[in-house]
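Each chain carries a letter (A, B, C and D) given by its place in the written order, and its residues are counted from 1.
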Amino acid sequence: MELAEEIRINATRDIVFAALNNVEILKQAIPGCEALEATSATEFTATVVSKIGPLKARFTGNVTLVDVIAPQSYTMVGEGKGGPAGFAKMRTFVHLTDEGESTLLRYEVKADIGGKLAQLGGALISSTSKKLAGIFFGNFEALLNGERAIERSSE
Amino acid sequence: MYPAHIESYYRPTTVAEALAAITRQPEGDSMFLAGGQSLMQAIKSRMVRPTSIVDLQSVAELRGIDQANGLRIGAMTRYVEIAEYEQFPAAYAALRDAAERVGDRQVRNRGTIGGSVCWNYVASCLPSVVLALNGTMSLASADGSIRDVKAKDFIIAPLETARREDEILLCVSWPKPPPKTGSAYKKWGLVTDALPVVGMCVSISLDDLGKCRTAQVAVAGLADGAQIADAGGAALIGSAGDEASISAAMNDVADSVETHSDHWADASYREQLIKRLGVEVTLRAFARARR
Amino acid sequence: MASNPQKTNDSWMGSRLARKEDLRLVTGQGKYISDIVLPRMLHAVFVRSDRAHAKIVSIDTSAALALPGVVCVVTGDDIVDELRSMPQPVLLPNLPAKYPTFYPLCVGKVKFHGAPVALVIARDKYVAEDAAELVEIEYEELPVVVDPEAALEPGAPLINEDHDDNEIFSMTFTGGTTQAEHDANDKEVEEIFQNADVTIKERFRVHRTGLTPMEPRGVLCDWSDSDGLTAWITTQRPHIDRLAIIDLLDIPADKVRVIAPRDQGGGFGVKAPFFRENVIIAHMARKLGQPVRWIESRYESLMNVGQERDQINYLEVAATQDGKLLALRNRGIADNGTGETGVYWGFVMPFLGAVELPNTYTWDKADVKLRVAVTNKACLTPSRAFGHFPTRFAIERAVDMIAHKIGMEPSDLRRKNLIPHLPYTSTTGEYYDSGDFVQVWDNLMSHIDMAKFREEQQAARSEGRYIGIGFGTGVELSGMASEVLVPMENQPGYGAASVRLDPRGTALVFGGDAPGGQGHETSVAQIVASAFGIEPQDTVTTTGDTATTPFGSGTIGARGASYFMSAVHNACVEIKVKIARILAHDLGISATLDDFEFVDGQVVLRSDRSVKKSFRDIVERIIMHPINMPPGEVGGLEATVYFEAAKPMICFNADFCTVEVDIHSGEFKITKWVSSEDVGNVINPLIVDGQMHGAIVQGLSNTMFEEFIYNDQGQQLTADFENYKIANAADMPDIEVTYSPSPCPHTPLGTRGIGEGRPSSVPGALSNAICDALLPFGIEITELPLRPGAIWKKIQESQA
Amino acid sequence: MQTINVKVNGTTYQESVPIRMLLVDFIREVVGLTGTHVSCTYEGVCGACTIHLNGEAVKSCMLLAVQADGHEITTVEGLANDKELSPLQKAFNEQHGLQCGFCTAGVLMNMTEFLAKNPNPSDDEIRHGLIGNLCRCTGYVHIVNAVRAAAKSIAN
């Protein structure tokens, strides 16, 4: 599953990029994030509860930032194990461009799921990825603007 | 294969009891069980793990089809009852088209309209039908309040609806239809009566000259679930029910929705199915409206 | 019970007798493996890999073990020193291949999505599943190979690390045995192609699909120190399973008994291999000293077994302008999966598929080569039409493509090239013993008026309707002679049966092959009744228990009517000879079997029909009162007979179907399906009809709906019946089965074994019909499955 | 655990069962009637476990045993009347409507209700009625023949 979107954020590129590396902001922005801890500047452990209606899966795993070109782009690579439900892998490329005082944030997400999730939830991955990515960047934008995250999870 | 541990099971006989039961569990997930033909799949595969189940089978007030004042279908009304109900006005005939082709006999003997629209599976017939027919969902809460939600506001995304977990769907209802209104539904799946790869539901009403006055088109089987295709509804207005104008309208529908590729059909074939089925059901809806 | 039809000509042979098995099955009294419950029985659940190719870094079983009711959790490391690895000799074909070493549970790494990593045993099956969820496995992923052609590329990630590449098997099937002979042959084939009027060359692809018995697999093992192991296994070949368990677990041969339950919910080849699950359940029952049962879920079944076909055939055919087929050249590539299944290892199916490529047609020369690739998928499991579903699709399509090219009726081209006289040895060396292909073909054609059909087709086209007709033919093996089975599977091909008469005149028949719905009890009863002149209800058949039945290689390859039934008949004859001898002695006459007739419960002297004795009386006399016997004669009436035919045997069929295609959707409707069969002398046409219907619909379902789908990560996405689509009744046509039998000269009753290979002519016939309907668009189908979307796309492309 | 009262083939069973127990397991393992089969995992597509719940054909793997509390169940073992096979059971034997028999109980239960509601079905209606029962052996031809024959025999 792949998707690409652009959002405009009312902040400079430096601020946006810093926020993209800020554990607290990421933690609040990631839908269903129960824990996010940095183990190095570019490595995190994470626990995320993903909920689609009545379907719920708790993923534990790692997030790594690679190909970091400050303050322009990075790729966030995550893999989480959902126990018996299977696993999910996500690779998000984020690219920032100046647009006057604001920043154009372009993201490209590639998500893979495996195990029972892929077998039973394959038909849902497209709508779910789109939704989760939308919530994440929506939250991210809101947090940057000093607001509370609009949506803490997909509930 | 087997459900995970379930702590408690209730079988209320009234809506009030059902709502009390669903709020009784402070910890964990309490779920209503309607016909169970989708929910039990999820429970058995352990993708859903309710700790408490509130079985609605004995809530008599949730069951039945009533035309005393428009059309009201209780949430626990089974597919078989809808499929065998012969008094649907032409305006709502799509309900029967869909119900008689859901799953198989055993599923229709058990599965309910309320269960289907509340589950709102990504590939499912009834959500698209209530969308095209602009049904009203009545949701009751434990505090005794009832709120009415239009289908387009109720169906949110696959597996997601406007119903809160502590609300119960009482019924889907419609007003008395205007004269010369008709609807139809048809789906395509790889094997007969499978989940819809594409399903098309069209509802139209005609003016005195037999031209389309209002129209609503919904598509089932999209990656984002059942969707209203506004373009199709708009394009049908003024149509005299001729194949050319209907075909043009369905081309608009196919252009306006995002189709996806999966094992059963690629995006372009889904578009073609939208056009083919769209024309077929619209012609049938016209024929029904004219009667 | 049903009123039985009358026997014909004093024989039950050929009677449409309603089945004996049915009374228990329609009343819910069948005994399938999941119906067998033993005291103290434990329940086993496998924890299976959710990765396609990964190193096992660690397995944490502590949470699972802590769950009340859990008896034990074992992993590959726990058992690797406790039992032998596969392969063991009894499970190895005599074919040159690279056999992977593996254990019942994965050791070190997993090679496909669904591989067994751990086993949980608990007192309750619900709890076992709870515990399985708690086993935590950490993987380190390895590169995944899901494309067989990529798997064969140099440098492709290695799947079986004990080998230096992913090619498990390769072979040249034509021209001789040495490289020089192959080269010379290939050169001659090339010359034919160079000089041929017309040639075609296509890549024919058949997807991964196969058979899914309605009853998944199951194993129940019980151990006692005095009697050893009793294993109930859903299996087509209990005797082979027994030998494998003896060797793998190092249990003395007198201490292993395998029982295939009397009722099995279908096999179709899927229950023919020896599976790793059998070993570990047996091992754990021995270790725990307590019965252990594993019942496979559908989810596991679709992840692990029933996956077959999956070949690419680069096929070329050369022909003359007037429709004489000259030569074929094929480069087959098969996707083997991991190769971790006993007896077949995946590649034996494509091996036979290549052998059977020439089918019913004469060829001057052929150049047939095959390469089989190991991939990160479940190992291929035999499925009815063993290996030749893809090659037959290719050849039947190729024949039509030649016909289209030269403007000849495909039916005429077929008749012109049918092997005219048998016996015949095909260009790949397969021996066709007997039969009359042309007669079977002409019988088929008597059911269609081609000229009229072409007129109707023309008329329909002018109305924008597209109808078409398609043909397919098929040779299938009628059982497998030792001459074939010893090299192919390291097993004997003979059929074996014991017939024992009891003092009350009842016949007890014992067979080592284990059926799964083919109606053996009824067919045997008809043969025995015919032989002894008794009623079919007076025969009781026991199959599948290694403690009581003679050795048999299994219910495989359509060997019921050819080998097993022949052994039954011959055993009856042996007993009759003895009865005749003793009866002649009792009557004080000089007579042998030929002088007596066994009819209507009597043994009658042909020369004076007033001289007779009731069958029951003479049987009772010989068994219970063995005094005043002929010199040297002892009492008792029992015979065990092994039957091996003089030659490998075949049977043959031809099909046509008509279709109507909607060019706006690519949907098609099968409007007629007619088959013509040479199955030799038919024991029970009702049963044979049923076998044909089932096989044809399996072929259709494989062709149209079923597909095992792996994504590029090796994730298997079709592990339930929502996603692995099987044809339902509303999807399928009515089928007309007709017969044009020629008795087989190599069996005592002229019977042929039927049904195993029968689905294989289906994909060609159906695709040919669709292409015929769409001839104005010039569409040639070369890939399965036949999805409406794909057909619609081809129509679109042809119009672009 | 919950105590339930279920009448199966005319006999009432009062049993204490875990809430998560599937009805098919109750029938097979608690009551001990093994004619009802399980062939799919969680999807409920195969129909082998079809029974009658208060006279209606339903898949017993898609229900919890507690849902059947207070209801009447008929299984394939209850179809024959005092050892006399039902017309449908007879027809399945005479028309060779079964091979391995694994799907048969479900087919019989579904078609028994089908014929009660639709005593004179066309072949298309029979085929459509059978969608909820997968059969791998017969290709459905003899099943359709058997249902048709049973309809005739019931009518006479």
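Simple rule for what comes next: contacts are C-beta pairs under 8 Å (C-beta built on N, C-alpha and C of every residue); 3 or more make two chains touch, one makes a residue touch a chain.
As the structure is a computational prediction, the values presented were derived from the model and not from experiment.
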Most central chain, judged by mean C-alpha position against the global CA mean: C
Between A-C and B-D, the pair joined by more C-beta contacts: B-D
Chain B and chain D: spacing of chain centres that average the CA atoms, whole Å: 29
Centre-of-Cα separation between chain C and chain A, whole angstrom: 50
Chain A and chain B, separation of their C-alpha mean positions in angstrom: 33
CA centroid of chain B to CA centroid of chain C, Å: 44
Residues of chain C whose C-beta touches two or more other chains: 126, 133, 297, 299, 717-718, 720, 722-723, 726, 728, 730
Contacts with 2+ other chains: residues of chain B: 1-2, 4-5, 45-46, 104, 192-193
Junction residues of chain A, two or more chains touched: 84, 116, 120, 122
Contacting chain pairs - touch in the sense defined above: A-B, A-C, B-C, B-D, C-D
Chain D partner contacts - residues on chain C that touch it in the complex: 1-3, 18-19, 21-23, 25-32, 34-35, 126, 211-216, 263-266, 268, 297-300, 516-519, 686-687, 689-690, 692-698, 720-722, 726, 728-730, 732, 734-735
For the chain C and chain B complex, residues of the former touching the latter: 125-126, 129-130, 133, 297, 299, 664-666, 705, 707, 709, 717-718, 722-723, 725-728, 730-731, 787-789, 792-793
Of chain B, residues touching chain C in the complex: 1-2, 4-5, 46, 104, 190-195, 263-266, 268-269, 272-273, 276
Chain A-facing residues of chain C, complex: 50-51, 113, 132-133, 711, 713, 715-720, 723
Partner chain D, residues of chain B touching it in the complex: 1-9, 11, 33, 36-37, 40-41, 44-45, 53, 55, 57, 103-107, 109-110, 192-193
